[in-house]
Amino acid sequence: MAAKIPVGILGATGLVGQQLIAMLTREQQGGPGEHPWFHITELYASERSAGKSYRDATPWRVDGPFPEEVGRLTLRATDRCGDAQVIFSALDAQAAAEVEPRFAGCGANVVSNASAHRMEADVPLLIPEVNASHVEAVRRQRSGRGWSGAIVTNPNCTAIILTLALAPIERRFGLQQVFAATLQSVSGAGYPGNPAIDLIDNVVPFIPAEEAKIETEPRKILGGSSPGGFQPADFLLYVHVHRVAVRWGHLVSVTARLKKEATLREVRETFEHFYEESPLDLPSAVRPVVVLRDEPDRPQPRWDASAGGGMQVTVGRLRMPAPDLVQFSALGHNLIRGAAGAALLNAELLVARKLIRG
Amino acid sequence: MAAKIPVGILGATGLVGQQLIAMLTREQQGGPGEHPWFHITELYASERSAGKSYRDATPWRVDGPFPEEVGRLTLRATDRCGDAQVIFSALDAQAAAEVEPRFAGCGANVVSNASAHRMEADVPLLIPEVNASHVEAVRRQRSGRGWSGAIVTNPNCTAIILTLALAPIERRFGLQQVFAATLQSVSGAGYPGNPAIDLIDNVVPFIPAEEAKIETEPRKILGGSSPGGFQPADFLLYVHVHRVAVRWGHLVSVTARLKKEATLREVRETFEHFYEESPLDLPSAVRPVVVLRDEPDRPQPRWDASAGGGMQVTVGRLRMPAPDLVQFSALGHNLIRGAAGAALLNAELLVARKLIRG
Amino acid sequence: MAAKIPVGILGATGLVGQQLIAMLTREQQGGPGEHPWFHITELYASERSAGKSYRDATPWRVDGPFPEEVGRLTLRATDRCGDAQVIFSALDAQAAAEVEPRFAGCGANVVSNASAHRMEADVPLLIPEVNASHVEAVRRQRSGRGWSGAIVTNPNCTAIILTLALAPIERRFGLQQVFAATLQSVSGAGYPGNPAIDLIDNVVPFIPAEEAKIETEPRKILGGSSPGGFQPADFLLYVHVHRVAVRWGHLVSVTARLKKEATLREVRETFEHFYEESPLDLPSAVRPVVVLRDEPDRPQPRWDASAGGGMQVTVGRLRMPAPDLVQFSALGHNLIRGAAGAALLNAELLVARKLIRG
Amino acid sequence: MAAKIPVGILGATGLVGQQLIAMLTREQQGGPGEHPWFHITELYASERSAGKSYRDATPWRVDGPFPEEVGRLTLRATDRCGDAQVIFSALDAQAAAEVEPRFAGCGANVVSNASAHRMEADVPLLIPEVNASHVEAVRRQRSGRGWSGAIVTNPNCTAIILTLALAPIERRFGLQQVFAATLQSVSGAGYPGNPAIDLIDNVVPFIPAEEAKIETEPRKILGGSSPGGFQPADFLLYVHVHRVAVRWGHLVSVTARLKKEATLREVRETFEHFYEESPLDLPSAVRPVVVLRDEPDRPQPRWDASAGGGMQVTVGRLRMPAPDLVQFSALGHNLIRGAAGAALLNAELLVARKLIRG
């Protein structure tokens, strides 16, 4: 791969956009490092910010120093396509619904973190460690829509963490029902996000439109993909979401009813062998992708969200109250594993599968 | 009731002891007011504090002014019984196992918040609005143990809140399984409790020995009582606990599978009619005991924990993803409804049922 | 006073507006109770909210139940004056600069919490317990501006708390310099105010335009008033502000250099006698207005902000490292003592001084 | 330097001990890396923990992975000296008063973070970037006390941060008085430290015995050292301390009165040139040691405490209300720059100055 692939970012000034830029431009703690394949050439923002430098328009709120070189780029409006082959989208759903298809029509490969197109019948919803093969639907999408570009999506931040933790046991034992409660950090709401006054000495048992995503998306990811479309997995999810005063790291506590009975030892082994079963050789992939911890009080956001440079999901408190019931808590970094890193991995998958004409 | 009944408090310097004294001595915001039946005459504490005045030994951490009059009482060691007819116990489980039977043997009516004796076959585990009739087991206990006194208990703080929210629907539709996740405040761990450094920018998905209590106690409370003992209700509970950076108020988010199918409207009505079905005329009882809120983002600890002077349980986010599945979040003040107020109500029930020889 | 005086509120949906409505309509904990003199008849809001009911437009975030009756009032735009004799203004500075004079010109007595007009030469900047006589400048203002109404102002929330604590010692010993650092709660920034992500595990040593107000306003309040204008007191203030993750309560730690040397005992007595020296018989006034506490670790926002229904300033950690240096920490409720309660007291002062033609 | 110097740690299980071990054993983010000169051979703990492995006895609460190799060391009691040439002491003052002299008498070079011996006439109180020459007092100490070992100390965590920020301007313009207010993180109180319930929605304007240290130690450090002892600098400090809900990072806001008038530009340059004036070639030293930031709202603990691997002090909000008055806020990582890193630097200084017989 001689020259790096030029990439652009829609919604570059938001938290997910910031995290993407941080991951693309500099060494992460234990993470992917300066990106070997991609080079940022275009940053897009809302009309209010377009024309400003990235530095002047951005309230930098992610770990690590501000990327001075990228900071000098001028923000572009989204009304015209650019030349980047990959366009990461950190737009909100409403903007994404309009802007992303336009860029895909221009020939860009839109790698989207937005929810707008996730559930469409020809749009892959990807976690490369889980359903990499779904990416082939891009060929269907291109021919069907007459695009030279494409849209691929990553799931909702909590859905990613939950699905990565469910995937090992779903594959081996099957799932009937999943009962889950989440404790989600404020960075999941973007910036400015939740007012401090709402979360000091408080938790909020509600996040708009969040539960439906977490109850739906894992079934598409863990389901089948065929020339005719996607076939959702047949288990059901019941989710309670909560917003808590944590900066980053979404925790989800799960009680899952299996189709086949299992022993605790079998379930443990299934988690431990998960990565080996689906090797993935992408620059931003980490091994293992799911880490099992035995301490009685882990995972905790403050200590575990940044495991594996923020790309690992940590599972703990694993227990089985009955042979068909598995309980655990899973945690991941919502901005990295759940958003920026998820999109980055998807873009890398497109390249590795030769779905981007480099 | 001419003269007030003299009462004592075991573990008077802890958070639950403080809250009890606050409730017995002064007007609560919207709460029970100066207690009409009880008068504090004895305070007990650990050997380290015995001999000191209550003021000198107590780091006051509950709402409202320090009760100066009670503050002048000298703390007694627990090695000798006093003259109080009612002894509230806010001891930890280990101390309660030893001290409470001794006081009951001396003739005191021990109204305990401790877990030590809750599950014993002749000890009532009471939520007066739910299973007041279980208190009659005291007669069995007295004759069986040869005590003139007795031990009655209230449940674990979260178990109370959960059980009050489950009771209406259990009574009408039956319960098969209950999947619950809790977000519990730091005051549930007493004082000093959780170190600040463990909860700043963090949550902890673990509280020692807590899940087992929440999975067991509701079944005794919602079960039967007969001369032969207690018969636990036949549903099962699966619980995940979490500690969060909230001062007071435990939130529990529930997905319950019913025995009989229901409509959302029927379930709503069941909650709304709950109190009328089991009237309770005790000084510390509030009406309604379970409050249903319709806002999409309630209950929240900061705004709802002190509803009804801290004696109400607030239920919100009520929804039914299937005719046999009910989902909601319930919240209560763990120090009041879940501990001090629960014990106070139990003591009042003993008096009302003439189980205390006044 | 037969009929109550009709009052309106500019900026009714914000935090200060909410707190005003709470104080005017219901019993506060230890506070002023349903207001004996005033009756809310008009609520004003921004154009975006005008036309909606107060209930629908307001994210209620202050303690106590939502005032259902007021909630049914329709919000008015600020482009037309109403009939209320007293108009409380909780506008931001920019809106206040334009709207308040217009209402005063219509004949309304504008009692403003905004900074826009505080330092003007004919506008009294009032803390009734400190400089009630300055209110007479209203007569000057009316004749000078040709208004039948008037504008009177209360200081910045921190300036009020600091000035109330400084007033006793300034009166008796004089002040040369005042070095102060503040720890200010998020409600001081209104709603939504500071994003949670900025204050979790963090403090921010900056609040726009705040230090200049705290360094200037106390000198006007503690200075003289004559027919020619106001004469600022001649001491200087040097202030560092900090925003902290506290809901309400502003703390200010002070080192003050006196003009006359003093003993610690004399300073203590000065604080204790402060209220007696300046009796004030208004419905919302409390006695004492400054409370001195001797515990080594008070005042604290969580425990002391609501002292006296939020109208008291609590002073603690009083010490004197030298005969001309006094050190202490002072705390007050920024929304009540520092804003809504301050304005309410000012309106009561206008009535008591017969400056409102009732 | 062929073989590494064997070092031991007193108080190894506490937060400062943990941070020391982290700094000695692994690469810090931007920090000193695996230590080139020192090798841990002995860990000491209280009698309660002695005999356990470090892993079993330690609630790891600092950033980065637990150091598994060191974790296998068995904790020793402090009643017998070992063979390490350098003994870092993270004991509390009372234990240090007794244990440190005993180890120094055995020949160990005790590099102490404790306050017990800081102000003694033959004990250097060191910040190597500021008063490295004071370390020579060790020779006096050894001959006077007849020790082959020695005790050297680093200041209180806040005193270090404050003194590093004051040193540049003290050197050039002289100081008359310093008025300071601190916002200190909970890790400054060790583990468990402050109870969460005391800091949720709260700040505490008190830390036992803290203000006296911050008002005294900078004068020794910035003063002279002669064969007859230390001569404190002649300026005075007046300090207010506050505990806030922050994990690490102590912020101190300062108003300093200079002896010589200055311009803001001169003061800026003085900060910028500070490091160059006193070069220091030690493995854990960073350049620059004081960083000046121009953003209006920095420094902030969450973003700046870990600057330079936690070894830099960040100064911001620099302003001058008068030619002899300088105002700024300074921030440093209390566990690293203020404790573990400070001790490490002191040990390196002893080696560099050949005061440790290697």
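Chains here go by letter, A, B, C and D, matching the order in which they are written, and residues are numbered from 1 within each.
Following the convention adopted for this analysis, contacts are C-beta pairs under 8 Å (C-beta built on N, C-alpha and C of every residue); 3 or more make two chains touch, one makes a residue touch a chain.
Worth saying up front: this structure is predicted, and the values here are computed from it rather than measured.
Taken together, chain C and chain D share the touching chains A, B. Annotation: the chain A:chain C pair of sequence copies touches via predominantly the same residues, more than half of the used numbers being shared. With centres set at the average Cα position, the gap from chain B to chain C is 41 Å. Inter-chain centre distance (chain B to chain D, centres taken as mean C-alpha positions): 48 Å.
Each chain gets a centre from the mean of its Cα atoms; for chain A and chain B, those two points are 42 Å apart. Residues of chain C found to touch two or more other chains are 200-201, 245-247, 302. Within the complex formed with chain B, the chain A residues making contact are 179, 181, 183, 200-206, 208, 238, 240, 242, 244-247, 251, 253, 255, 296-303, 316-317, 321, 325, 327, 329.
Of all the residues in chain C, the ones that touch chain B in their complex are 29, 200-201, 247, 302.
The residues of chain C lying in touch with chain A in their complex are 61, 186-187, 191-201, 245-247.
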